[in-house]
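The data blocks that follow each hold one structure.
Same chain, two partners: chain A is paired with chain B first, then with chain C.
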Partner chain A sequence: MTSMTSTSSSPWHFFGYFLDHRSQDLSWLWTHAWLSVVPVIIGLLIALPLGWLSRRYGWLYPPMVSITGLLYTIPSIALFVLVPPLLGLSSLNPVQVPIALTVYSVALLVRVVADGLASVPDEVNQAATAIGYGGVRRLFAVELPIAVPVIAAGLRVATVSNVSMVAIAGTIGMSNLGQLFQLGKDLSTPTAYYPPIVLGIVLCVLLALVLDGLIILLTRVLTPWRRAVPSR
Partner chain B sequence: MIRFESATKQYPDGTLAVDALDLVAPSGQITVLVGPSGCGKTTSLRMINRMIDATSGRILLDDQDVASVDPARLRRGIGYVIQHAGLFPHRTIIDNIASVPLMLGRSKKEARAGAMELLERVGLDPRFAQRYPAQLSGGQQQRVGVARALAADPPVMLMDEPFSAVDPVVREQLQDEFLRLQSDLGKTIVFVTHDIDEAIKLGDQVAVLRVGGRLAQMATPAELLSNPVDDFVANFVGRDRGYRALGFESVTALPLESEPTVSLDSSFTAAEKAAVDGWVLVLDGERRPQGWLAVADGPSATGDTISTATLRRGGTVAERDGTYRAVLDAALSSPTGRGVIVGPDGTFAGTINASRVVALIEARAEAPR
Partner chain C sequence: MKHKFLIAGATAAALALTLSACGSSSSTSGSGGGTIASKLIMGGPPEFKTRVDGLPGLAKNYGVSFGKYTVTDTGGPVTVNALKNGQVDAADLFTTDPSIAANGFVILTDPKANFAAQNILPIINKAKATAGVTSTLNALSAKLDTAGLGALMVKVVTDKQDTDAVAKGWLSDQGLATTGTAASGVKLTIGSANFPENALLAQIYGEALKDQGATIKYKLNIGSREKYVPALKDGTVDLMPEYNGSILQYLDPHASATAPDAVLAALQKVLPSNLIVLNQSSAADSDAIVVTKATAAKYHLTSIADLAKK
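Moving on to the complex of A and B:
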């Protein structure tokens, strides 16, 4: 897989490099995309009840935000390596990276969910309660829809940062765009060989832009009311 | 009927928000809770639908203790309107109104059809249906809030300062429409306000609460104005209460003076001849008062006709069987001192001056009721 059909080592040759190794690069891109998105979705599902709890019981908010915030300070490479022994998995298990990234997503999103729910105007919550919305029903019918803009902003941060962290997992041998950086490093002896490294950066940035755009689009679809402007 | 039986709300720190409140809000009437801030009026209101639970005593809704009903189910049977309407910003107006019927399991089609009817009933254009709350003015939002509270046709409505966040002109409109709506619907309403004028205007009966959550006086508006139970109530009811109380009593057998009148199309010369003390009352073709003509103002610039531009239109007009207040105001506001009185169809009936109205009021006061 490291056979070299292209010869130029100019950084600008990344596109030629891509054309030469298209199927391999696209398969890495595809895995990279899944590894970036799935942990955010699972992370959101876990963060929703935790965020709701820390909003519902105010005293939970400071410890919840501190603990999840601390999780975020664990270096990603350490977490990737630690997950298998902690969970009794073999190392280089395919779920070790999604699990680690889910931890990061939860860390980021608990606060986002709690703040999103806090963004619902007080009188709206009171009116909802007063006309007979019970706790869970109120959460799904009133609070979450109104919290969508705040939560979506957090999802964008989580998704984009996942794209970059997945690449780090590539350098410990997981199959994704991060492999391009490892490859570039390996091919750079004795002289520097940039195309795979530049290609990795370009594809990561493109992936991040596309995923970000998708979230923006989804948010727009979910919040037609935000575009409603006073008509007078 | 809603009945408070020594209902008390005490917070863990010992503060009494509501202190042994005994009160009955009769069916089909508007009961207003009024008082300064900290008097527990909103707390009392929220104890009815269990947004706040009483710490002792009980509250009966049609003889059922509200504490025995599941809160969410209880609330779906009670309309609730709050100060800033509290509309759901993410739902269209029509879906805001349909919220409770949908929760009660009605079909979307049925709920929306009902909501459209209510939209018109509260005086909003049907084209607002598909808009979002942010696109409406404060007054319009408050109408939607009332419509949403009415959507499931609950027998009971709780209203927490619903009109206090809008400007005075809109507030008065909303109050008038609310009274009109209530005369059609006959709901059992408990209405909270800090504004005594609003309480007196809207209430069939008014409960004045004092700080610390104690009931100071429960009475009809007229009784409250004419017979406040103590200094606190008297001060709270405020100034001009003697005059305002006159607004609750209708006059009987008003002794009217005849008054020379001319019609709008008569000549100035005829008007000049008819005038008494330099003034003559001008009527339109259907004998409805238009204003006073001062002879000193002269004819219109175009010839021997009455100039509508110089007509004095400032005086109020009272109905023959109106309140003492309306009749007295007609006399006081008339530039001639002669108050203009009309019949039920708006046609001119006669005039009366202020001293005669005052004599009537005094004669009424001499005979103890």
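Moving on to the complex of A and C:
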């Protein structure tokens, strides 16, 4: 780090600010990235069986989707504060953030999985059964692959919303891009100090775009038949 | 579609709750009976309303009760701007805050010592307080004073210099940046609360100990005491810069000591068993009631006691 940093408070100085604090900012970006992705993966693993159950037993769908959806209304700062004492974690244990964010991912994804499975045409399921696919094998070999586009759409929403929610954990000392907002606020005397705040927004948006692009790419790889018949 | 309404309803309810909570954040605080204070709006952190040296202390020591109390933040930009823009007439700020001088604010004197001493001192895990670590930190605490700290805060807050560079600069200016082996072999995790001055102090401690051969890991901007005191107790963090009055108040909400040495003595008695404090510096960053120059002139205010006049 240089000792003589330029001190412009202009919002456009964010790039200069980034250059002056590159290693710090990149390490925050990296933790921010994994804090955004891991909860979605764990959330999907939890949402898959719950979503399947709500699809399999129709009467479960309304309560399951309402209750998991309600989880989304818990304020994230409250969850970040509540998780460590509830689970007996040390107050600075870094896993508290992914745990809290997993709750939100589950909230978004249960419904998506159930709707995705519902999007599989009945004829397809019947045909699969007719040629000998039963139960679990039909689920993994036929239903889930066909549901991928719907589930992927939900994953995109969950991932992007996680990117913004992780930043809130910056205010309770977790090192991620949220610290840039805290820093910008702290240094906003006597006048507003924009560079770290704008940099935080820019990096969050870039991260969200990259993760979103990755999911789109993954969806294409997983559903090669969609490209074989482009016009439906 | 029923579930959709359920979610929408819950969201609306949560929103309404949040809004009503915001609305109640400012409240009137009892009778002022035509005093100057009764015409003024006071701004500060939420806990100032109930803290021993907050509104209750002002009422008890000076008979001052404000017309209204508005929650802002803990001596941060929200409070400064609220005072500057006239949304509050008086505010709880910290004495080393460079924005007090930058805005020409007036600090009201506290002749009855309502506010406790807030001398800066290291709080450290006993197991890590080796003789070398202790002597290194004591040497720098001996050189740290309020004016010097205020000058460093101007560099950080006004000039936007990085706290680590300011910390290193101060150590070399003070002749403390000498390399040695006093702390070699000691591994320390140094934490800080989430405001610039505390992060700066943590880095002053850390860089001095690094020079003496210690292995330092930083966990800066942890948050409030509710978050970092448990971390000190369970050993996740080994060393933090603290303010003797505030940490005493946190550990013993009924503490009444206000003079620096009395505060230190009281603090020694209530520290968790795995923690000790080292020598305190003369640098202090205490709460102060601050008003704008115009308000001070209008009501002839120099001391907190003046607020109780009619």
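Note that in this section the second predicted complex is superposed on the first by the 225 of 232 C-alpha atoms of A that agree within 3 Å, B and C clash if a C-alpha of one lies under 4 Å from a C-alpha of the other, contacts with A are read in each partner's own complex, and residues count from 1 in each chain.
In this text, a residue touches a chain if its C-beta (ideal position, glycine included) is under 8 Å from a C-beta of that chain, and two chains touch if they have at least 3 such contacts.
What you see is a predicted model, and the numbers here were worked out from it, not measured in a lab.
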Touching partner for A:P145 - first (chain B), second (chain C), both, neither: first
Chain B or chain C, by number of chain A residues touched: C
Touched partner set for A:T223, first chain B, second chain C, both or neither: first
Partner chain(s) touched by A:S27 [first = chain B, second = chain C, both, neither]: neither
First (chain B), second (chain C), both or neither touched by A:T189: second
Touched partner set for A:A128, first chain B, second chain C, both or neither: first
Doubly contacted residues of chain A, that is, touched by chain B and again by chain C: none
In the complex with chain C, residue positions of chain A that touch it: 1-3, 5, 7, 9, 20-21, 62, 65-66, 69-70, 72-73, 75, 90-93, 171-173, 179, 182-183, 185-190, 193
Contact set on chain C toward chain A in their complex: 2-3, 6-7, 10-11, 14, 18, 76-77, 80-81, 97-99, 102-103, 156-162, 164-165, 168-169, 194-196, 219-223, 227-228, 230-231, 234, 236-237
Partner chain A, residues of chain B touching it in the complex: 49, 51, 71-76, 79-80, 82-91, 99-100, 103, 131-132, 134-135, 137, 145, 148-149, 158
Chain B partner contacts - residues on chain A that touch it in the complex: 121, 123-124, 126-134, 137, 142, 145-146, 223-225, 228-232
